[in-house]
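Each of the two complexes below includes chain A, the first together with chain B, the second together with chain C.
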Partner chain A sequence: MANNQQISINDLSFTYRHDSNAVLHHISATAPLNSIIGIIGNHHAGKTTLCRILAGIIPNMMAGDLSGDVQLGPLSPTQNWPALNQQTGFVLQDPASQLSGLADTVADEIAFDLLNHGVANTEIQHRVTEVARQLQLTGQLQRSPNSLSGGQLQRLAIATAIVTKPAILILDDPTSEMDPQGRTEFFNWLTIIEKTTILIVSNEIDDLCEIADRLWLLVDGELVNQGTPLEVINQLKPDWQIGTPQVYQLARSMNWSLGTDLFPVNVNQLRGCLHDRHST
Partner chain B sequence: MTAIQLNDVSYHYPTSDFKLTIDQLTMTANLVAIVGQNGAGKSTLFKLLTGLMQPQTGNILINHHDLADLSPADRLKTIGIVFQDPSSQLFNATVEKEVAWSLSQTESDAAVIAEKVAQVLATVGLTDIKDKNPFDLSMPEKKLLSIATVLAVDPQIYLFDEPMISLDWPSQQLVTRLMQQLAREKHQVIAITHDMDWLAATFSKIAVLSDGEIKFEGAPAALFGQPELVHAVGLLPPRIMSIVSDVLGDSRVYLTPADYVAKHQTH
Partner chain C sequence: MDIRDDSLQKIARRHWYNFVDPVTKLLLALFLTMLSFDFTPLYFEISLVLFSLTLLLLSRLSKATVNAVSFCLFLIVTMVVIQGLFYSHNVHPLFSVMTITFYREGFLYAATMSARILIIIFAIGFFMGTTTVSENAKYLESIGMPYKLVYLLMSVCYILPQIQQNLSKIQFVERARGINPQKTVMQKVRSILPILIPLIIKTFDQSINRSITLQLRGFDRPERTLATPKYPYFKAKFSHYLLSIVILLLIGCKLWQIISRFL
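Coming up: the complex of A and B.
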């Protein structure tokens, strides 16, 4: 039911134009606003397509046959796209494709959306400096975006998405090219920012299990499970071929369980599990 | 066995203050990983190894021959690269034509090309989409396609710049097996990666780049036994090490969960 405090997806199906097969089949899912939702699944699962729909890129910029409905709190990507777009930050899977192509410097690229939002000049300066520091791009601010390394480009894509302080972040594999410390810092930052709804696709299953409130698991266009990371990982079926976090692999092998056939999926759960074993 | 040797190599871009400086680096192992922070110079090193860019000083020897002296055709047969951004190497109208084009640079027999193209597309699992436009592929499909274009040519040395990016778990297994098989067949395989778990599980030789300089060469266990160095070059230990050190206070070196289990399981 419509609820202003929820993300709800109701019987969503989608087929790209010129394609005969549906990419998403009758997906229904819910989660509270301001939570972190990890979207997992293998190739052809439909993760990127789901991100495009949540962000309104489909159907507003890419065509196809869409049915069902999506609500992000009070807004819907089909009915209130301009309003939703104002509040959404999006990181595409291919960071190079995300550049405006209009900015000569990294600083201008980061400032681009702020200018469009009508933010005052001093505030723009302040925010660009701040976000560049966070993503370690300070040394690159006066360089051309075209001369960045792959990881620097991905950091730039994230900077442009978060600099407007959006209420909704839709992140499609945002750390694939980031170095290990950068990736860890970014995942930690996601847990710190407040009043933000985060939908994140990632193959970094270990990191997702550390930070996500819920996981949505897609297999061949169907949502086969949704729940806490603990539930979803413990309920995986072998033929889905989803990688598992190292904590879970370790706990299974050592038989450190949280109960009958239930194994921890993140460090905190593992700590709790071993603590309980010691105290009994 | 192939040997790649860099002597007093330096390179800088005209528009940034970054400088790559490698006094001595010799790579002889069949499977080598290059790691380091974003902007450390890993992809720059690869571009020099392909001969697409020339170092401003020093030289690069492949089996004692100067890379700069190889003809373009010999270079293609000697060294192939899967670029970090696969889009940058795809421009043909279909997946099949993309692979055929790449092979046609070193092979002229149409029948040989056709057979080889079909074979490598099957290897990476792209046969079903051979008529699609590469432009319309998903990121992981593009990465697998760019791997196929290099497999078709089958060079002596394979350079993989972040081969695992955006691949799902089954494709990661596939590419890992492929690389191990190439290495067994006496190819030299060099990969850049940010995935410390994959690194620890798969490679026995690694080189660490930091700010354009080589800061470590050796085995993963030797690197991860030096926490200060790992931190200073912007890396992290494999997750299993952080997990057991956080939760169990055990700060010894472990490369994989299986490694820990083997050392601790009570029988």
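Coming up: the complex of A and C.
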């Protein structure tokens, strides 16, 4: 029986139509709702496809051979897509494609989602202002979306996804065009979002290890490992060719382990490790 | 303070043409075109050209319109030369350059055709330069057009600018890498050919992504509320009815002109 408090993926496989090779092979994973799940892996590992399935784009808008079962809490992308879509925010890899093309200003672009949700005009004003403030787009509200830089465009794409206060947020490489400061601010901001399940694909392993509750590691369409960032990073195999966080590299080179042959993967763990070493 | 209304005021200060709704602008373009086809005297055609040019100059002259006009001027010059020399009804010489004679009939015929082309370009340029995709979408939806049809229309409107945008990006990169200097017309044409198919595929791919995004963003939700049209338009319905009736009369008139030739 499905657990209403967790995301569960059971024996999921997928092959795109007109393609003979499966993109995802027998993936099974779980994670609690309202947590941050980082999805990592190299190119063509199937990360975007997994996001598309979780958001219901596959099979509702893209066809292919899908088998297995996916549940996001009580909802399934295949069986309850309209209800799930209402509660889901999705950020595409290409932020320009995220824009409706039907808005002259950033404010109108953000408001587009709210109009579609039937939100009242006064509430729209409030939410657009609030989301723009959160994503540092206040100064751009009256500009045309076409005039934004890559990083600003990504922030706008994220703003359009979160303005409806979704319970599930799926972010497919949302920081690829952001500058380092913008990226750090974005990851910090993710940690303050409450009551939202966040699935984020990213190659920023340092930032992911700082914020994620769990990591899912995909290699060539297979889920080869899942667990906390500490567990996953400490169990990496060299042939997976996954980068490690700088904190982990430093701790490993200095042999600062957490005591159980595990090396810290984020600053807090490193701080705790050093504290323990000094106190002993 | 309404940030969205405020944004509109800052981005586009309201001009006279903002009070004319998009459908009226389109009907006006059709009306001027039909007039030019129904009434052929050259003076009348020239006055229509001047009228549509005035409309354009009093509004916003976009770069795309200037490009379209310059391209058409090239076509017009070609047409005038060819018709002036070889039009089948050429009888009266207009002037001669060395041994080459230009004829009055061919010149007048080419001038009439050119006037029609210019009227269409100026009128459509007025529409394109003064309305945005967003304004069109909002207005069409507000007058009852189904949102799916609106989206389809807007997607079609988007394809050419998107292709142009992708093309200029690729060409910029090519120039930056010194792959193609693109100094002459031939070099420019040659540089487009190899990238034509990937360009079209990329544009369609972007269109598919946009369509997916719109569905994810709830464009087809039943609870969707209509966006308020961008500007308060002046007597929109009256203009639609009036122009539609006049256009129908002009079409009828033109059809009668054609049919009466066979009677």
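List of remarks:
Definition applied: the second predicted complex is superposed on the first by the 278 of 280 C-alpha atoms of A that agree within 3 Å, B and C clash if a C-alpha of one lies under 4 Å from a C-alpha of the other, contacts with A are read in each partner's own complex, and residues count from 1 in each chain.
One rule holds for everything that comes next: contacts are C-beta pairs under 8 Å (C-beta built on N, C-alpha and C of every residue); 3 or more make two chains touch, one makes a residue touch a chain.
Everything numeric in this text was worked out from a predicted model, so none of it was measured.
Overlaying the two complexes via chain A brings chain B and chain C into a clash. When both complexes are overlaid on chain A, the residue A:128 reaches chain C alone and has no touch with chain B.
Look at A:271: by the touch rule set out above, it reaches chain B but stays clear of chain C. After overlaying the two complexes on the shared chain, residue contacts for A:113 are found with chain C alone; chain B is out of touch.
In the superposition on chain A, A:188 makes contact with neither chain B nor chain C. Legend: residue contacts after superposition of the two complexes on their common chain; A:94 is shown touching both chain B and chain C. In the superposition on chain A, contact is made by A:105 with chain C only, not with chain B. When both complexes are overlaid on chain A, the residue A:150 reaches chain B alone and has no touch with chain C. Comparing the two interfaces of chain A, the one with chain B and the one with chain C have residues 94, 96-97, 143-144 in common.
Interface of chain A with chain B (complex): residues 41-43, 48, 93-94, 96-97, 136, 143-144, 147, 149-152, 155, 173, 176-184, 203, 206, 241-243, 246-247, 249-250, 253-254, 267, 270-271, 274.
Residue ranges of chain C in contact with chain A, taken from their complex: 2-4, 6-8, 10-12, 132-135, 137-138, 154, 158, 206, 209-219, 221, 223-227, 230. Interface residues of chain B facing chain A in the complex, by the touch rule stated above, are 13, 15-16, 36-39, 43, 84-85, 87, 138-141, 162, 165-172, 194, 196-197, 234-236, 239-240, 242-244, 246-248, 257-258, 260-261, 264-265.
Interface residues of chain A, counted against chain C in their complex, comprise 55, 57, 61-62, 85-86, 88, 90, 92, 94, 96-108, 111-113, 115-119, 124-125, 128-129, 141-144, 160, 164.
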